[in-house]
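Going by the order they are written in, the chains are A, B, C and D; count residues from 1 in each one.
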Amino acid sequence: MPISILPVCYLIASVTFIIGLKMLSKPSTARTGNLIAAAGMVVAIFATIFLYKYNGKSLGNYTWIFSAMIIGCIIGVLVAKKVKMTAMPELVSFFNGMGGACAALISIVEFDYLYREYRTVGSLFSDVAPLGHYLAIIAGTIIGSISFIGSMIAWGKLAGKFKDYAFKGQHLFNTIILILVLAAAVFTYFSKTENANIYFFATVALALLYGVFFVLPIGGADMPVVISLLNSFTGVAAACGGFLYDNKAMLTGGILVGAAGTLLTILMCRAMNRSLMNVLLGSFGGNAKAAAATKDVHGNIKEISVSDAAMLMAYAKKVMIVPGYGLAVAQAQHTCHELEKALEEKGVEVKYAIHPVAGRMPGHMNVLLAEADVSYEKLLEMGEANEEMKSTDVAFILGANDVVNPAAKNDPSSPIYGMPILEVELAKQVIVNKRSMKPGYAGIENQLFYQPNTSMLFGDAKKVLQELLGELKNT
Amino acid sequence: MPISILPVCYLIASVTFIIGLKMLSKPSTARTGNLIAAAGMVVAIFATIFLYKYNGKSLGNYTWIFSAMIIGCIIGVLVAKKVKMTAMPELVSFFNGMGGACAALISIVEFDYLYREYRTVGSLFSDVAPLGHYLAIIAGTIIGSISFIGSMIAWGKLAGKFKDYAFKGQHLFNTIILILVLAAAVFTYFSKTENANIYFFATVALALLYGVFFVLPIGGADMPVVISLLNSFTGVAAACGGFLYDNKAMLTGGILVGAAGTLLTILMCRAMNRSLMNVLLGSFGGNAKAAAATKDVHGNIKEISVSDAAMLMAYAKKVMIVPGYGLAVAQAQHTCHELEKALEEKGVEVKYAIHPVAGRMPGHMNVLLAEADVSYEKLLEMGEANEEMKSTDVAFILGANDVVNPAAKNDPSSPIYGMPILEVELAKQVIVNKRSMKPGYAGIENQLFYQPNTSMLFGDAKKVLQELLGELKNT
Amino acid sequence: MQSIIDFLHENIEMFYIVILMIFLGIEIIGRVPSVLHTPLMSGANAIHGVVIIGAIIVMGKAESGNYTALVLGFLAVVLGTLNVVGGFVVTDRMLEMFRKKKK
Amino acid sequence: MQSIIDFLHENIEMFYIVILMIFLGIEIIGRVPSVLHTPLMSGANAIHGVVIIGAIIVMGKAESGNYTALVLGFLAVVLGTLNVVGGFVVTDRMLEMFRKKKK
């Protein structure tokens, strides 16, 4: 019996995955955790290449393997290094799709082996192919395909290539396709060996179709949640590979990601005060529009000129900037940092109030402001920020909307009711910058804009910030 | 191949252990968690009795098994139900010792089987006995024996049956015995088969000896920590049994407790601001005495009469009672509750400030006061209590000492430096009840007693409380 | 060295289970508040009473002439039961007390 | 039913590993602050790139005449590598940004 240290290498890899993921969930250790998991991955990969034996033989085709790996490496590093920080979520989606496709391809090749072996037997496929083996293959194929195509669509949506697309009876249609996928999978198993491949490819095609219609109707802004879900799908697909090859590294790594990814998806939804079902079925948007229509918001808005706003801030003791999605869209983070510096030169204390789900991905504002070199101490978390709000003279809201909507606190009929918000109305003065009176992501009106101590400063965030800067320089 | 659902039952048991332990670590779910784990245990036990097969045969000796189980049940329930709440830690220790003994006995019987089988072979024991099997047996024997005897001694100490006992060179002596234990274990394996049993029993005897000298020198008050450590030992011993019988329920249950127990031990030490090493080597007491000798504490103490103390409390707006070990020793919890009621009748607000390591076991004060029916809302955790301390008129310290010692905050040379304490000196008046000026558990002086707003009220806690009650009734 | 690798190789699944269990034991306990230390210790103590399975096996397969196995096995089952039953009952009693205070 | 039990029986260790891993995955993630959601998702994404092992095996055991296996295997290795390498690099880049702010 040829005994090797391969299983030990896999054990090491599994342990690094666990430790790495654990460290990734704490800010202070996250980066090291990522490196540890990567090191374990390297061990697992090279151990497989050099130590893996099937039927007593080593692996061949080294040229193919290495050239494929080099190609993958070069593209991967280039893409990962080049992409803009704000395009991170779509990049994760892209890589996730690659993993899903990889899992699907493996399963397809393995099915092909089975098919070639039994094609000419002339009996039922189920008589010759072992069930466990087949289950691992078909699960890997289906889940991998859905994950692949779904991730690609999510990527396209975030990159602005696709629009949301929904039609009436969407859910019913999706359910039917899903049933067809499963039916095709069962048919494959119980078909004559010589035409098992037809049903199999029908399964693949249907799974791809399902993936498309699964992701297409979900709102573009919900993509981070969908990506996280598809991420855990790919984990499960990888685990299927682990069953197929009795490979513990694949099994543990896959299941770990599958479980952690599912929980992470739920946590993400919870941070937005929504349920996963709600995100997937997209009923949020629908409700919200209805709510916005019935609920009428009272009062008049008050506009403020750029020069008045500049004055107000220049003579304030403390200004709290509340960044939101609009700031990211306008790419105004650098100008914002300059405004901060200009105000500080005038002796004004400037802080940022960061809501956990401001923007369109978790940590969006942190990443954005970090990119503009805003110092870490100036970023307040929601709790801290709300405490300091009372002693704030001017709360300056830059392209944020839902995260400062008081309806979350005092209107039980609002779809965002219960979500913790930044209580900017506690500040002495509130200046809101946005381009129009249009609602934000949740599609609902915001009573804040009509409050007596709120003034609106309409315009694109970047343009307004530049004008404010100009005014400040002149005074 | 006789296939049964036994492994499934074991899988269920393992899962209940995990879920149970998880729920046990949250106050709201703890009780249910305990029941879930117990249910899993019942499944595992009965599945073993009725479904276990060895060499294709079912188990026999049902009469023996059931009568043993009934005896164990009756004694177990009686003891567990009868014992006083304050004697909990020693009871846990006792049951832990039983588990350790059980693991050791199993291993001894299994060794006996091996010995009987190979006794007459005439070769080296190592030639015939498989190493993995032997390792599981010997580890189970050694760890089980140490856990058994250690727990018994811890039990005896807490029940007041043994005194602490240490001699010079104790650590060296212990190390030597430990080496001898391991040497005997190795000798057993490499001895002639016919006298393997002699070395084996030498191993058992030495392990027992080690257990005795391991626990004897550790201070009685440190027993909760030792018990927790021995608890995790028994877990490991059970896991050895799991290896021996290739039994997943024993393996997972044992390892789970082994790992969790070890961490729990460390957490317990941390709550007292000490390291595990420090507890085991007992250097704490030594240091402390030295520190107490060198460090001189300044000032005079001020005594207060019972009637003055009663006046002070009766006319206060808020009284904070700080219970400690002395209250438990004096069994004064009920009288304390009466004092609380008497004060409340006079319109005084009474709260309790609970330090996490007050007393001699974690949660000691909670258990004690719960026994006396003190309502839950009155018990403040350390953080809350410290916040309310400023608005407290009288802090009444009942048999506590170390947990209110300001040296933990302001004397870096103190052995308890860094331990979070109850900041009673913030209260307007401090009344300290203890019997003498003797130090508490850590053996160090307490500057608090010499502070201008502190008055001492000497006497046994119960007696003093009764006198206070009498005074309050008269006014 | 080789024999260690052999051993690992044959029992690799066991090792996985052991290692995962260690991680799990540590993770699960990580957040326990100190008030629960004693009940948790007691509950864990009851769980390692699973060693009684071993005692039952020893007892059940003992042949009728083998008095060592019979007597020691009997003792082991008694002690193991004590551990399990006493452990769970005492934990429940402790926790009942905690619960009572809650309301 | 019987065949399910058979299957469970034969793969009981695998099931243990799967179940323990699920618990572990959930426990480990439980306390993550929301700022770390994106990097954590990205890191987890890199970890499931372990599927590349399967691709390597497929590729390595493909016989020289079997073009399906060779071509699909090659593609699988490329995509798998992309997942692994891209995943870890992009996570590192994100986290670098977080770290920079710290000081």
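The working rule: a contact is a pair of C-beta atoms (placed from the backbone, for glycine too) under 8 Å apart; a residue touches a chain by one contact, two chains touch by 3 or more.
From a predicted model like this one, the values you see are computed outputs, not experimental measurements.
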Greatest separation from chain D - chain, by CA centre: B
More contacts between chains, B-D or A-D: A-D
Gap in Å, rounded to a whole number, between the CA centres of chain D and chain A: 17
Euclidean distance of C-alpha centroids - chain A vs chain C, Å: 42
Mean-CA-position distance for chain B and chain A (Å): 46
Residues within chain A bordering two or more other chains: 18, 22, 248, 252
Where chain C touches two or more other chains at once, by residue number: 13-14, 16-17, 20-21, 23-24, 27-28, 31
Chain-level touch network, classified as line, ring, star, complete or other: other
Chain B residues within the chain C interface of the complex: 13, 17-18, 20-22, 24-27, 30-31, 33-35, 37-38, 41, 44-45, 48-49, 52, 54, 57-62, 64-65, 68-69, 71-73, 75-77, 79-81, 83, 85, 88-89, 91-92, 94-96, 98-99, 101-103, 105-106, 108-110, 112-113, 131-132, 224, 227-228, 231-232, 234-235, 237-239, 241, 243-245, 247-261, 263-264, 267-268, 271, 356-357, 361-364, 366-367, 370-371, 374-376, 379
Residues of chain C that touch chain A when the two form their complex: 2, 5-6, 8-9, 12-13, 15-16, 19-20, 23, 27
Residue numbers on chain B that touch chain D, as the complex places them: 3, 5, 7-8, 11, 14-15, 18, 22, 248, 252
Residue ranges of chain C touching chain B (in the complex, touch as defined): 3, 7, 11, 14, 17-18, 21-26, 28-62, 64, 68-70, 72-103
Complex interface listing, chain C residues touching chain D: 13-14, 16-17, 20-21, 23-24, 27-28, 31
